[in-house]
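Here's a structure for you.
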């Protein structure tokens, strides 16, 4: 029996990774076949983070649990959410998309029509412009996690018809310059999108990681606008008005505009700046001395991530991490670095570089350019501090004495507070 | 009001794609944020196909609904299943992996230990050797779908530690040539795997498409053996015996051996031959005249798919389809071809070519080599016939007068009957 | 094989043409452009707006637009500075186009009962909110013609993102 | 920076060494190799196997191993031909190694109560099934020594897959 040997083992100083149960005989028959697989009940704790003050709200955002995920694909159930009037339930049989305005032939498409067009599947990140908002806090939040630092971003394989094909089908009239896509959510959400970008790479997407879009990501049809801020990638898309002026809609004027340090307010800051976040080891995790693989995610709205660097001395020196293939444009990239932790306190920084030569600023650099009361496009380096006992905490240093914080990119509802 | 206009429209001969509901005002607030997203209720019909005779069984297989999926990623809930004693429920905290036998240091790993090693994420298909079994039927099943033709294959982004690293850690002794991985299912499933393959590219995987493995795919840990038959990719992996002989286990002798036309029985036919399946248009779908994009999936256990060809004249002439990037080794590839259907009866064939120059045989060629009573490794070309009314049916032609059929690769339980 | 003869640039003949009349019917909440296109006939008065506001908006935005539980709608008619807390951003100090107000209220308010306001009611509410923010006088009528003329104080702060300017040299802000 | 000094080929020092004794304890259903390694002490007799079979196996595999509701276990002691239906494949005509029978029954049977047979019971069942398939005589004892010697008729059909032979030239079938 196991008793004797285990009794012996229990005497050892360091607890070995076995107990009676390790040697228990295997169980009998497991579950039979099932039509749609669910997660193990032991994984039920892997969920999106919803800020306690947003649990009952219909306009808000929640975060993908970045440090609990591997690779680059965000599982559909964990893709971050952001909406302005709740998630509508749309019957795909009744779904219609209308393209009208400055076109030769206003057209209405059924979902079946859209699927008959030539299709494209590509992996693209989508990031809320409000991602990183917790970085505005001073002093920095000691309980920050990778999720709460950068989890308003996700990455999926999107399938759809190039918007360019639909526009050609309708025949865009000379003089048209703008598209006003509209959602079928309660807010009838609209934004302005230059025709040029649409002709380049915008998708009218109906699938996400192989299956139909999830309701929170716009079922049955959404825009995917590679590299640009999430809020322009209109979900539950019901029509596109082709016109010659931008709408200057509420969410491109009163929201999603950027208050710079010099007092200017920038409109149409569409491209998402390079980002990286170390997901392991990261805030609120605990590690032991010895070997670890530092792991993280990087992306840039300017195209391909070319390099990710890690610093162990708060930016004095940098070492290049490995990027795991395939490294795709406008998509999450997984970076890794083998590392031996000697048990001494250390601060980890990471920064991404993209094909246009952009990289991430330090916090000081970021705030020199962007105002402290801005709400969007925070992409400063995130630091993690490993304490001697192995606990990992926010390693960002306070900036001066003044306390400030993110008061929300959700119309007065803070994302996370 | 809508009535007047719609009344007018109703008079038109062809029903337009709108009715009163198309113009109905939008609904009020939708659903609030949620911790783990679920599919739209309208997608509940997208499920794995379980053969009616397997619904109550604990040893069996079900099929990924290939023609209902886009891109190349199989969603985790829809990855095909195959198991020999049901799906065990494993507590990840109690999980242990033991490597023993011909090693310097027998080792036991916790799940946390495994995750600390350098990790690899790669997209690989997994295919049951019994995939395609419905192709053994004569006359061919007129109601065949793409799912029932080739749905015992799926494709996912797997994350894990290279088995080579764990073996180096244990120190393989000279003379060791084989590994016997064992599952913690009721059948304590085992197979024999040459050490050489393990040192090359086998993964001890713990994540699937970003999140923890699904129970049906081996939660918390399984082997992923790129390009090789699914049954060797042992799930719920509890130990690996390092030794100098193969076990000649039940499932590599009495099952998963191949009865050839010449009467020989082949053992260790591990590599999965090239495959392709047109998913649109495919069996039991219905199409209208006009433009269609022919879409399908291709893969090969020999590495990269280099080319997929489509024939509209039962193999007399072939045209090359487009492969959608990134085209990865040992992974599903999506192929596409623009096509205008003129409403006349036509038969579509597809065949994949791989980097080793292999391609798919016709049914005649296949049966010349493989016996008609074999159960595995069917990879003959699948034909779809478009009837003048647009219905798509199995386009395989009967072979002679003799009726025969797949009597099962599941120990007398047919996969699909 | 003629089956595959799809000329480059040719149409796919998918989708169904829809008449301008039907498209207008589908256009449930028309987009209002900064030049006033999309604005319906009708006119708004501050006093009437005050009445509707009290009934349909005050519960969420405060009796005088000071906010709570939801967004503050009223601010001094001076643009924000980098020191202004985002919670203070509101129509008077941050909104750059008066037309946005019409577009947004018709489109998305009142929260939970969107699409229930008449075009006329929206005009009244816009007039009232512009008045409360110190942008217009109590007697100024707000209509198709006047609304696009209303100058918002924060407009002077607004500039195009430099990267956007670089990529789309033709692009200017209305 | 010395932090990163991980020499190529060095060990990661992860995982915990486990003694051979503990590993054996973890080895709940030992692998039986074709040369007999993994077989326990003990011996099986056909008549005793017949008794256990009737009690624990017949309900699934038929009174005389003819199958139903689950697999047929008994066939003539001649190998299959390409004309044999897979449903007819069984121990006598398809199994190539007698040791597999011990390994599999101990490992996976009886279905739904796996791991409940004693080593001795498995020997009895193996003896009975080999006898029923016409492979051994009723009095032949089955043990560590005799079982690996038992020749299975179907072994002569078995060959290595040519692709496997090409990739692993050292590989031969036991």
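Labels for the chains are A, B, C and D, by order of writing; each one numbers its residues from 1.
Here is the rule we go by: contacts are C-beta pairs under 8 Å (C-beta built on N, C-alpha and C of every residue); 3 or more make two chains touch, one makes a residue touch a chain.
Every value quoted in this text rests on a predicted model; they were computed, and no experiment measured them.
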Can you compute the centre-to-centre distance for subunit B and subunit D, using the mean CA position of each chain? Integer Å is fine.
28
Centroid spacing, where centroids are CA-atom means, of subunit B and subunit C in whole angstrom:
50
Go ahead and note the Å separation of the Cα centroids belonging to subunit C and subunit D.
75
If you look at subunit C, which of its residues touch at least two other chains?
12, 14, 16, 18, 26, 28, 111-112, 114-115
Residue list for subunit B, restricted to those that touch at least two other chains:
17-18, 22, 26, 28-29, 58, 85, 96, 108-109, 113, 116-117, 186, 188, 290-291, 338
Can the chain contact pattern be summarised as a line, a ring, a star, a complete graph, or none of these (other)?
other
In contact, pair by pair, are chains A-B, A-C, A-D, B-C, B-D
Looking at the complex, which residues from subunit D come into contact with subunit A?
1-6, 12-14, 16, 18, 21-22, 25-26, 28-29, 111-115
Which residues of subunit B touch subunit C once you look at their complex with the stated criterion?
2, 5, 9, 16-18, 22-23, 25-26, 28-29, 290-291, 312-313, 317, 319, 337-342, 346
Residues of subunit D touching subunit B in their complex?
9, 11-12, 14-20, 23, 26-29, 31-35, 37, 67, 70-72, 80-87, 89, 91, 94-97, 99-100, 103-104, 107-108, 111-112, 114-115, 154, 157-164, 168, 170-171, 173-174
Can you list the subunit B residues touching subunit D in their complex?
58-59, 84-85, 96, 98-100, 105-109, 113, 116-117, 165-166, 168-170, 177, 180, 182, 186-190, 194, 196, 239, 241, 243, 245-250, 253-254, 257-271, 371-373, 375, 407-409, 411-413
Sites on subunit B touched by subunit A in the complex:
17-18, 21-22, 26-43, 46-48, 50, 54-58, 60-62, 68-79, 81, 83, 85-94, 96, 108-110, 113, 116-121, 157, 159, 184-186, 188, 206-207, 209-212, 214-216, 219-220, 290-293, 295, 324, 326, 328, 334, 336, 338
